[in-house]
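Across the two complexes that follow, chain A remains constant while its partner is chain B and subsequently chain C.
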Partner chain A sequence: MRLTTPRALLVLAAAAPCSLLLGTQAVADNYPSQPINLIVGASAGGTTDAMAREVAEGLAQKYDVPTVVDNRPGAGASIATEAVANADPDGYTLLVAYTSHTLNESLFHELPYDPVEDFSPISLLGEVSSILLSRPDLEFDSLQDMLDYAAEQPDGITFGVGGLGSSLHMETLKFIQESEVVGYEIPYNGTAPAIADLIGSHVDVMFAPFAAAMPLVESGDANAIAVTSPERMPNLDDIPSINETLSDYPTTYGWFGLLGPAGMDPAIVERLNADVTEIMHGESGADLLEREGAEPIDISAEAFAAFIVDDVERWKAIAEAGDIEKQ
Partner chain B sequence: MINAEAFHAALSLLGNTPAAWLVVPPGLIIGLFFGSIPGLSISIAMAVFLPATLYMDFLPAILFLTAIFTGGGFGGAIPAIMLNIPGTSSSVATAFDGYPMARRGEHAQALGIGLVASVLGTLVGYLLLLFTVQSISQWVLRLGPTEMLVIAIWGVTLIAVLNDASISKGIAAGILGILISTIGYSDAGQMRGTFGSMYLLDGIPVIPALIGFFAASELFNLIGKRYIVDDSSLRVVSFRHILSGMSQAASKPFQLLRGGSMGAVIGAIPGVGASIANLAAYATAKQRSKEPETFGKGNPSGLIAAESANSSSEGGSMITLLALGIPGGAGTAVLLGAFALHNVTGGPRFIRENPDIVYALIIGNMAQAILLLMVGVGFIFLAGYIVKLSLKLMIPIVMVLAVVGSYAITGNMVGPITVVATGIIGWLMRRYGFPVAATVVGLLVGGMAEGELVRSMQISGGNLGFIADRPITLALLALLLLSVLPRVIGSVFKRRATPPPSPRTPS
Partner chain C sequence: MDVIANLGIGLQAALTPTMLWYCFIGVLLGTFIGVLPGIGPLAAISLLLPITYYIGPEVAIVMLAGVYYGAQYGGSTAAILLRLPGTASSAVACIDGNPMARNGRAGVALFITTIASFAGAITGLIILIFFSPYIAKLGLKFGSAEYFSLMLLGLVAACTFSDSPLKGGAMVVLGLLLSMIGTDVNTGVIRYTFGFSELSSGLSLVALAMGIFGVADIIRNINTIDTSRLNERFTMRSMLPNRDDWRLSLPSMARGSAIGSFFGTLPGTGASISSFMAYATEKKLAKNPQRFGKGAIEGVAAPEAANNASAQTAFVPTLTLGIPGDITMALILGALIIHGITPGPQLITSQPELFWGLIVSFIIGNILLVLFNIPMIGVWISLLKIPYRLLYPTILIFISVGVFSVSNSIFDIYTVIGIGILGYVLNMLRFDPAPLLLGFILGPLMEEHFRRALLLSRGSLDTFIDRPISLTILIITGLAVCFIIASSVRRRLRALRTAKESHAS
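Then we have the complex of A and B:
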């Protein structure tokens, strides 16, 4: 009797790694066998939410399991991000992240998570660029024209900023740093009020997201000066890119991506990466991206992970050069 | 003014689209339902039903969503009147006089007044939109940060008008609201009053705070009572009372017109919109009244002003949406999403190229208002049964709804915690005679005033001479001084002449 217990334990101990191994194999094969929760750090109705719903619908069709979009807006998506960082890495709780994921590190002292270490990057859904607009009564033939105009103004020019701590804010900072123009940031709570003050000629210029900028440019309520992408945008090829005037202008993108908690099974990550890429290349996924001035992307999970590491550093450099004080 | 050709095209467009009419009544009912449940909001309803419009044509899709908007606009009046719970910031002033009327047993009349004021307010708002959609957008655009700052400061002065307690208590309550509005990430990029918590980064959520200050504190007050209406003989639900309220409202066309036009104009200012429109219209009605002391005690005129203004501000907010493609609030933001779903972009170009669709939307919305009159009568008849419900049952039901609903609004525990915390603060304030309405106004306009101040400082480079070049700012400033100074001087003289009034709270 006294011997049997340890022996049983020994047998169990020997079997454990084996069953664990079998377990993971079985998990990857059976995935997904229960509903998938997509947590989004933005409210229903916006672009990030639209991306999440596209992915959710596609996954639900492919896997035949319910896929739920769980909106948890707040604190620049860090509330949603923290929830996913602390979730089980079983592939059933995923994060639809946007630029704030890599940017928040440069804005806040105490983020409750590490944007790199705490996550298993799965798939980059899309990269978006912005457009530098000027108010309707300021027409420039080129970016150089605008820089010359700014240099003539005794008090410099004003930049509308659609949301402090947003990627558009960082783009503004970067542009002021690189072009050495005298510019003052006028902060707004979001893009819509900033645009209203631009077309009302209360601010001189602003960086606006493609989807919001296009109708204004088409109707003549604002003038497009340049795009932030390294090359001209395919559906907007008469607008130059900034680096045609400012060579070596560092490129940053706004982006949307799918991530899971750190420690996810690589087989599941790979499978999700392939399926999500397919979804975004599908008709409705590509349509959605086109509305935001983007195109479907096909990169591996490893490449996405490298992108995130680089992006954190890119924003850090801009924030430090722009004297952004961490809060 | 009106493009006659497009107007006729719009009429035939509406006549040839029966689907557009079939979706309106369900939209109204959905709106009434979501609007009347504290914690559920119109924008939630619109977001939930947005995907359903994918299978509709553009016009029916938008009419369906605006029907939810219109229905919800009035739906919000029901809990404000019956339970003193303004479910949205746009029905805050509705509760001021609506709820005292309900407590007196005039709930059916109050609901009838609210319905007629809402319907006529919506009509006034869209009528103004019909005539001005081409030109008003340019006017709205001329309001920049300095003009908005003056408007926000004017909003802060509403605290004084809405204050029925002593001046010092009113100021203290208003400052409390302004202080609460500073919590979170400021417009200047500083973090304040968050105690390091990420959950407070976006500040105190306004709607849960409203529900707490008004509703939860009132529910605490009601503990110990058995019914909302003390007199059992008045606890009746009668069509006759509803109709008498409706005719009472209809007999005051001037007040309806004044509230309606104020709502439409203020509603057109992006960002301010409906939340200030109802307060401003209420304050004006109170100042112009021969018996301002009866306001806050169940004066039907206050209810008429508030409801006509918040309904017409819907038309006002549609101005900025259609003419500029800029959403003034959460509801119009969802509409903008619906535009995008159907590959339509609002803005000057849309108005220029599709005047028939724009007119069809406006006319369709006016027809909706009239349908609301019919659907609404049935709905408020059912809602009237709340007076028959024992408070022992109702207080817990409403508290649970308010807390759960506020979770739906914020998506995290900040909402429910805010409801409970502001509920306790509000209850203490009422107990000691501080006006909660002043705190709520401070909360609503404090953050706005600060943001506009930061922007004004940045744009002007801190140079006060900047506003000399802004005639609209100067004109608004002059109007502000003209409206405030006589009251200040007047009250100084009055205080010398009469003993201070005994403190009491509105609503």
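Then we have the complex of A and C:
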């Protein structure tokens, strides 16, 4: 009886090279044969988490393997990102990333990973824009109106910033740079407390995510001034876009995407890209995106990789112009 | 009449078998989660969140909310019996609840906490039912200047937790210092992390509470194992509070409920601060403050009523404005958002079945909790009969699992060990851990609001006294400081006088 274990090991050892010989095609064919882990750098309940769960749910149904959403919030998602960068590129550990993935490079001195080199981009899940809101007792007919008002104020106006180093923070920076308005950034620890201070009229204006802003605009607890998307949003066509007033305003998007560790089998990447695109185009995926003011998109893994490279550069330019000191 | 009609809608929605079932599951789970040290409602709700994909939004939120307020009931159980705060808000229950258990009055303590929890929750619900729209707006009147003044009052109150205000003050400062670890909210500068990226979002509050109370206590008890008290038999009679207990605890429950209801409506303050404030108030009002920390029943009743009241009124900003007061609430909101319901000012009018059904389910849930918790007292007490050599390793495992579950980080387990050793040393030096914990909770909030208030006022300190609410709170704070100084001077003089008299005789 004692001999059985070593003998079994010998057989395995002999078989191992054979399986290597079968090459990558076999790996892709067998994929996925074990549970898939989706690591998320945000806490459960937020938009990124909702995206991750949508993907997890869809993949679990398509592949018939369990998919686990593993929330590891903290340090601007860099804890989760680092974990995926160091994982095996076997397609069983994936990252659901958001804007911070490309932004962190401009905010931190020593990121423990490279947002481009250490990852295999798989699929862009969605792009979101934000809405510029003003406090309930401050109503403007247009963005120009707001800029004129700000110019009249001896102390300028205050901008609530929901989360330092967030894409909304960068949006605020960029807006102040481009519009040359005298504005003070008031940082908050997240979007919710910033919104609370906006509807309590403690802060003048803020950039808010679409999903959080809409109910407040509808109830009159906040006023919508403009949207950051290049054109008016389809379900909000009475709100102008910023570049109608500021003509060369560089529009930016926040985004959500799926990435794996660098060196993933291209066949697996292709397959995941196709399947995830299908999931986001499905009814519940499209619903989720619509609530965030977004639409399903269909781009290849290569195009997504190029998007990430550009995005890193874009944030770098904004952060440098805004004199953001790296940490 | 409106309210009655609305509650009727709610009853119809809440009294379906599915809703009742999920409400039951929620509060049952909540109680257990609360009892298990460290595994707070946050971890439980994040685990349950995926399940809510398969059930409707109404039942999902009824279940998740049940976990949330059910955990407030259970949280104090481990705190009282084992000096293990399951949540930060139940750390206060350690202060007087644990001495009660050591005096053989664990049953009474648990009974009173159940009743106080119910009283607090019902008070919170009454406010939720009748005044939701008004208090939501009132809470928004609190800007950063008001929050800062309120936190300052909290810190002054924390100093009174110790018998010596000076030692209490020292612990508050240590708590403030520990709270400085992490990312500065205004500039993003990372402070005191010594290169550990795990520290960039600060020390874990759960790890701190468990370490400084639970682990420290285990280290201390290893040397002084005392099993004599465990052999007594617990009868139903020994669990029931006597007339004195009722006389002392009923007014405390009322005050605690009021304090908790108030703090619950302020987004971002939450249950922990309200239970600490309720405790400080009781100690201040007591004829004989020396009893506190040695098993005063008011010190159990008031904070317990407060944290349950705040757990209910915390739904006001969450549901009526869509602004979650804490991370757990954000998660519950997340469950609604998953189903395409965005909570906001129109929720009550656009989804009356959801809103009123939820409220009625809260009432049902709280009744279930009482029915469920009172018979359980005997079971919980029998935990004390487990020999220490089996109990302690088990507790340590629970602590590790619980701390780990908060953000899936091994680092937090090291933190809890380190804090436990610190707690043991402080205990040897007779420093109280409670003011430290409150300093730690209030520190970041206070700093954030102070700096934000100054940013908003363009650097003028006048903002704190120009704003009437802030000014009023500052005046109360000033009076409290005078009171502390006066009473400690008086005590010092009395001690001198008795020393002199005994010297003369």
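Points to keep in mind about this one:
Operating definition for what follows: the second predicted complex is superposed on the first by the 306 of 327 C-alpha atoms of A that agree within 3 Å, B and C clash if a C-alpha of one lies under 4 Å from a C-alpha of the other, contacts with A are read in each partner's own complex, and residues count from 1 in each chain.
Following the convention adopted for this analysis, a residue touches a chain if its C-beta (ideal position, glycine included) is under 8 Å from a C-beta of that chain, and two chains touch if they have at least 3 such contacts.
As the structure is a prediction and not an experimental result, all values here were calculated from the model.
With the C-alpha superposition on chain A as described, chain C and chain B clash in the combined arrangement. Shared-chain residue A:His202: touches chain B and chain C both.
Once chain A of one complex is fitted onto chain A of the other, the partner contacts of A:Gly165 extend to both chain B and chain C. Of the two partner chains placed by superposition, A:Leu103 touches none, neither chain B nor chain C. Of the two partner chains placed by the overlay, only chain C lies in contact with A:Glu57; chain B stays clear of it.
After overlaying the two complexes on the shared chain, residue contacts for A:Pro193 are found with chain B and with chain C alike. Legend: residue contacts after superposition of the two complexes on their common chain; A:Ser78 is shown touching both chain B and chain C.
Contacts of A:Val69 after superposition: chain C is touched, whereas chain B is not reached. In the superposition on chain A, the residues of chain A touched by chain B in one structure and by chain C in the other are 43-45, 71-75, 78-79, 82, 112, 155, 158, 164-165, 184, 186-189, 192-193, 195-197, 199-203, 211, 214-216, 218-219, 221, 291, 325, 327.
The touching residues of chain B, when paired with chain A in their complex, are 47, 50, 141-145, 185, 187-191, 196, 198-199, 201-202, 270-271, 320, 324-327, 333-334, 337, 340, 345-349, 410-412, 414, 451, 454-455, 458-459, 461.
In the complex of the two chains, the chain C residues touching chain A come out as 45-46, 49-50, 53, 140-144, 183, 185-190, 197-198, 200-201, 267-268, 317, 321-324, 327, 330-335, 337-338, 340, 342-346, 407-409, 448, 452, 455-456, 458. Within the complex formed with chain B, the residues of chain A that make contact are 43-45, 71-76, 78-79, 82, 108, 110, 112, 155, 158, 164-165, 184-189, 192-193, 195-197, 199-203, 211, 214-216, 218-219, 221, 291, 324-325, 327.
Interface residues of chain A facing chain C in the complex, by the touch rule stated above, are 43-46, 49-50, 53, 56-57, 69-75, 78-79, 82, 107, 112, 155, 158, 164-165, 184, 186-189, 192-193, 195-197, 199-203, 211-212, 214-216, 218-219, 221, 287, 291, 325, 327.
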